[in-house]
Every structure is written in structure tokens, then in C-alpha cells.
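Chains here go by letter, A, B and C, matching the order in which they are written, and residues are numbered from 1 within each.
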Amino acid sequence: MKKNWVKLFIAIILLFPIGFLQVSIDYSKKVEDLESNILLMPGQIAGSLVLSGFKGLAADLLWLNIENYWHSGQHYKMLPLLDAIAWLQPTYIVVWAVGGWHMAYNIFANVRSGKEKLISQIEKMIEEIENKNNKDLAIKIKNEIDTLIEGISREYPKTEEKIKDYVRIVENCRNRLEGMREYKKLYETLNSFVNIPEEMLFWYNSGVSFLKRGITYNRDRYDLYFELGWTYYHKGRDYPNAVRYLEKAIKFPHPDYVDDVLAHAYEKNGQIDLAIKQWEKLIGTSFETIAKRAIQTLKSGGRFTP
Amino acid sequence: MSIIEVKELTKYYYIGRNKKIVGLENVSFNVEEGEIYGILGPNGSGKTTCLKLMLGILYPTSGEINILGKDQFNPEMKKNVGFLPENPYYYDYLTGPELLKFYGRLFDLPEKIINERIEKLLYLVKLHEAKKLPLRSYSKGMLERIGVAASLINDPKILILDEPTTGLDPIGCMETRDLLLQLKKEGKTILLSSHFLSEVEKVCDRIAIFHRGYLLATGGLKELIDRYNADGLEDLFVKTIEEFDKKGEK
Amino acid sequence: MKKSWIIGLNTFKESLRKKTLYILLVVALIVIGASKAFSFLTAEEELKMIKDVSFSSIEFFGALIAIFMSLTAISGEIEKRTIYTLFSKPITRQNFFMGKFIGIVLILLLNFFLMSLFFIGLLIFKKSPPDIQVAKTLLLIFIELILIGAITLTVATFASDAFNIIFSFFLYIVGHLISYGNQLVDRTENFVLKGLGKILFTIIPNYENFNIRDKVVVGIEVSRNYIFKTSVYWFLYLVVILLIGSYFIQKREV
């Protein structure tokens, strides 16, 4: 009984090693990437307070909603959700990869597919125009934009420079369209049509930005460098950037196909020697046959990558 | 040396900074081995407080307690004491034997002895028929009886009983009385508190009268009746309290 | 120690009779089971969903069970006055307190075992048998639950039920936000506030130490070193809590 106070004394003393241990644990958390990210935006703190124990769960539920929006075509609604999930679990690679893919590929394509309906409407309305000048103008605008749409969706490179050019074309068309205001319905429809390439570029850019953000949270893995590199290469035909990111990807443990894509990118970027060196790395892997053919073709001055 | 010695036992309860409530004030008495000692007093006189202090359930403000030569916190001492609280209430999902086993194990008794004693005690308190029933289905009288059995599981030298006949019918009271006298014959010392004067009269060798935390008188029944010139226990009770109140007024 | 075990088993049996326990357990199992309903997701996503839901449920409902069982462990005995008979037996107050603690650990073990079994069954059913990372996560959750129960039990030695339940829930929430609190304190200029903040955040148990679920679920591996450190932290903290409870139960008058 007299020694009862000793218990409290020991308890207080023990708080010191506990404190030091906590510092050590905090350090381990940083090193092993177990720390929770804190973005000091007031609204997000509030959300974080509520969700701190259930981040993963919340992310899953949001993901369900994204699936919903995707299937019902409500693309813009996906954006804030992707942001939310990415904030909740920034190290969940799938979110970034799939998010980026949705934007740069799927929504991009979806936007483009809206043009068919608009074109048939526009053509009908053009038929009804009597004034030959206006008719020609409308046809010209329609054709220019259509060509631009097809180009952007296929072989036109989407580098920063080129994107500026495309936007200029769109602006130009819009300005000329001003002269058609009297044809109210046609004006509106053509306007929507003219917006399409801009929207497509918006989604491509969004996908790229999204992947870049993902990279800032996952700097030490190949995954998102590859996703971005691939997007630049395949969708953007932006070979300098593709090479840039793929080179970063190979610095980390990665599967062989990453080397393969980099080799192609080097070639497309005009860096033939680097392409050959890259192909040589793939000898002894499952890409050996392709690598050998590539090296042969490139050394003899031919084009390997279509 | 008496088997129980209480010396100048005092217990104050403090409410706030200034208010002091007297639980017990300077109480001293002894209990001799083999006797039945009764603590009497109206409700709130400090009887239960005294018993709880003696068992180490409450901490005294000052004073000393010696039971079997040891203080009230000594586990060795408690091995020889059995306690029956007022309005006993137990773990109602246990059966009678399960309860007795639980308490028995706390005394470090070997399983064999515990089982033997459980059988004997259930017969003794006439609960053998109900041994498969959970305690929640017991009547008040049955609970009292299982409580008595529980207080005897360790075959104690000293039994301390707080209001053992509360809620019992006349037959129950009689049976309890007989049991106490039987236990006395076996050499046990019994300390009980009660406010049923008639019961006390029939079993106790010596008594102590409590009132508002003070010990008014202690001694053999006859001795006290003569001293106060009373007509019986009830009159003795009234006279001692009157005397105390008069002193208080002075 | 033996007497603490006897009391512990008694406490365990008593807890088994509390309805709250079964309600919480059943709800937890329903929630875990419901995670399987999301079969329209890809296999990988569904697995992640199951793990997220299960880990969170086991931790959350386990915490509720820990708090509710510990809450009435001591006050129940006082209210029912069984404590008087108990203290008249040759046991020390320590025996009583440790016995209650042992009882809480046993009841938590049973519940944790049932919930985890169900969860692991689901994983096996989904052809993804649990690996060592899942085991580590579950281990940390379990020791966290013991700590939560111990704290509520200790508070019960000196405070009322009403205070205890509010305090326990408050501590549960705040205990999960210590890292955020620390980061805020790091950014403050005020020296006094910083000092007080640091002390406060050392005293409050950091439940987030035991939370590796978010990372395990996305495939990040947690080192044995981290598990070891966290376990030592848990042990030391538990000793502190039990010492405090032991101190107060000794002083307490019933």
C-alpha cells in the first residue's frame, strides 16, 4: 500500500522510452513509405479526419462510382472522384494508371465518336442553305475540323508545339463561324462540332497531367513512368517525351516489355544508336527474336518500327 | 489476545473541502474466540462500515484492526475468514456449485476438498435439490442460504455476517439461528451485525451497540441490561441511545 | 497470478452473456460478408475490397467490443455488489484488476479469432490465401484492440461509466490522428505550444502505429523491424496503462 505511488512513478518514467520509440517508429514509417500523406488543404483535412481509419474502404466505394459514371458516359463526373481516390491512396498505382488511361484513351475516343451524329445533322442543314458563299464556308469548316479530329485521333503528334497549332486551327474556325450566326441551328451544331477536337486534346492533356501527379507520389517505381511514357509514345506520338519517361522507368526494376517500348521510342525519336543498344539489352529475354530482327534492320539503315 | 481486536477505529467521509461525515468514531472492541458477537444499531449507525473496514474493503482514517494477529489486508488472514454481505448478490448465470467452486478456488484449496465441501454445504443449507439451477432463478431466501454456504467454503475460523436474517421468513430465521449455534459448537467465532433485536437476543454471547458511528456500549447481554437498568434488549437499546443524545446536546 | 486467472475466466464467462457482444459480432460478420458482393469488379479490385472492408471492420468492431466489455467489467461488479464478497477473499486488488484484464483479453481473442477466421475463409474462397503481410496486419490489429480495452479498463478504476465511454471514444478517434497532430505541431512557431503538443502526442496512444492495412492492401511489404518496434511500443504502453490502473484500484474505496 505504501509502495502504491511507485507504480505511478514507474509509469511516468516509462513514458520517456515510449517517446523515443515513437520517434523511431515515425522514422521507419517514412523510410518504408507507411506514412499517411497530408495535404494541408482545409477541406481535405476534414475529410481525412473522418476517414483516417477507413481510407482504403472509402477509396473502394469511390471506385465503384467511377465504374458507374464510366458505364453511363458521365465522363466529367469521374474527374473529382479520381482525384479523391488518388488523394486517399496515392500509392495505389492502379488508380493513377487506370485514371490516366480512362482520360487519354477512352474518354478521348468517346468524345470523338460523338462527331458522327453531328456530321449527319450538319450535312442535312448545309443542304438547306441557299447562299452559296455561306454554304461553301460551312462545308469548309466542317471538313477542316473533321480532318483535324481524325488526325488528332490517329497520326498527328500531340506534342506541346503541335497542340498549340491545332488549337489555333480551332480558334480560326470558330472566328469564321461567327459569320454564320443567322443560321441559328446550324451555328449551334457546328459550334459543338468545332469543340470536339479541343475536348479531345483536353482529355489527352488531363490524362498526361494525372499520370504526372501520380508519379510525384510514386517516384521509386517503374509503373507510372512507363504508363506516361507509353501514353506519350502511343497516343501522343510525342517521341521526345516518351523517351524521357521510359528512360526513367528503366532505372527501376521493371519487366522486359518496358525495354521493348523504349527501343521503339528511340527509333521513332531518331536515336538509332540508342535504339540498337536498347535492343541488344533484350537479347536473352523473351523478346530476343524481335530484338535480333530489329538490330539487323536498323543496322542496315531500314525502319523497324512501323 | 482476542481473536479480533478493534482499536480506536475511525472512518470519516469528506465531501468537498469542509464537510465531514462520521462513518465511525473511535470504535474499540474485542471478540473472543468461540463466541458469537453481535453488532447492533439502527440503519446508518456504522455497522456495515465497521465490517467493511475489518475486511479491508474500506480504508480507515485511523485506528488498528487485528484479526488472528494480522492486519485486515493480509491475504493469509482472509483464508480463515468467511464473509456474508448484506443483500448478497452473485454472478447470476452460475449455478450454486459453480459459485462455490469459484470462491473455493480463490482460497487455493485442492479441487478434491472443494468438491467434498460443496456437497456437504449444499446439504447443510438445504440447496442440494436446486443445485442445477442458475442463481438468477433463486428466491431471496435461497440467495441468502447460498451466501452462507459460500462463506463456509473455506471452513473459516471466523465468520463475519452482515444482516444475515434480512428478508428471511420466520422459519428461515430459525434455521439460520440453529446453524449459527451449530457452528459455534464446532469452535467457530462469529461476528454478526443486525437490527433484529429478537434474533440477537437468542444467539449472541456479547453485543456492541452502535449509533451514528459511535460505539455506545459493549459487553454481555445480562451485564448491560443490569448496568442500564433496562427491561430487556429493546429497552437497553432505547436507553443507551437516549443517553448518547443527551451527551450530544451538552 | 493463478488467482488472476480464476477471476479472468469468470470475467470471460460473464462477458459471454452480454448481448451487446453478439450484436456487434454479427454486424461485423455481415459487413465482412457483404464485401464479397462486389463481384462485378475485377478480381484484383474485389480482393482489395474484401481486404479493406475486413481489416477495417475487424478493427472498428473489435474496438467497440473492447470498449463496451471493459466499460462494465469493474463497474458491473460494484453495482451488483459482488465486489464485496470478492474483496473479502484472500486476493489482492492487483489480482482483481489483472483478472479483469485477462478476462477482457480472452473475450477479445475469441471475437478476433471468429472475425479473422471468417475473413480468411473469404480469402481462401477467392483463391487468394492469406500471406505473411495479412498475418502481420491482423497481429497489429489484435494488439491494438488489447490496448484499447486496457485503457478503458484503467479509466474504469477511477471514473464513472459515462465519462469513460466518452473518453474512450474520444481517445480512439484522436489516437488515429496523432501523426496529423504532430505535423501540425511541427509547423507551429510557438515554442510553448510545440512543447506541449509534443508531450501530449507522446502520452496519447498512437493507434496509427498499428495501422498498416492501407499499405498492405496495395501490396507494400512491411518489414519485420517495423512490426518489432511497434510491438515493443505496444508492450511498454500496456505496462504504463496497467500500472496506472493498478495504482487506482489500490486506492479505490468501494
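Worth pointing out:
Quick note on the criterion: a residue touches a chain if its C-beta (ideal position, glycine included) is under 8 Å from a C-beta of that chain, and two chains touch if they have at least 3 such contacts.
Small disclaimer: the values here were computed from a predicted structure and weren't measured.
Between the contact lists of subunit B and subunit C, the overlap is empty. Taking the mean of each chain's C-alpha atoms as its centre, the chain lying closest to the overall protein C-alpha centroid is C. Centres computed as Cα averages put subunit A at a distance of 42 Å from subunit C. Rounded to whole angstrom, the centroid-to-centroid distance between subunit A and subunit B, based on C-alpha atoms, equals 83 Å. Contact of a single residue of subunit A with at least two other chains is seen at positions 1. Subunit C makes touch with subunit B in their complex at residues 2-3, 6-7, 10, 13-14, 17, 80-82, 84-92, 253-254. Across the interface of their complex, subunit C is touched by residues 1, 4-5, 7-8, 10-11, 14-15, 17-19, 21-22, 24-26, 28-29, 32-36, 38, 45, 48-49, 52-57, 59-60, 63-64, 67, 89, 91-94 of subunit A.
Looking at the complex, you find that subunit C touches subunit A at residues 38, 40-41, 44-45, 48-49, 51-53, 55-56, 59-60, 176-177, 179-180, 182-183, 202-203, 206, 208-209, 211-215, 217-218, 220, 222-223, 225-226, 229-230, 232-233, 236-237, 239-240, 243-244, 246-247, 250-251. Of all residues in subunit B, those touching subunit C in their complex are 52, 55-59, 75-79, 81, 83, 85, 87-91, 93, 102-103, 105-108, 147, 150, 160.
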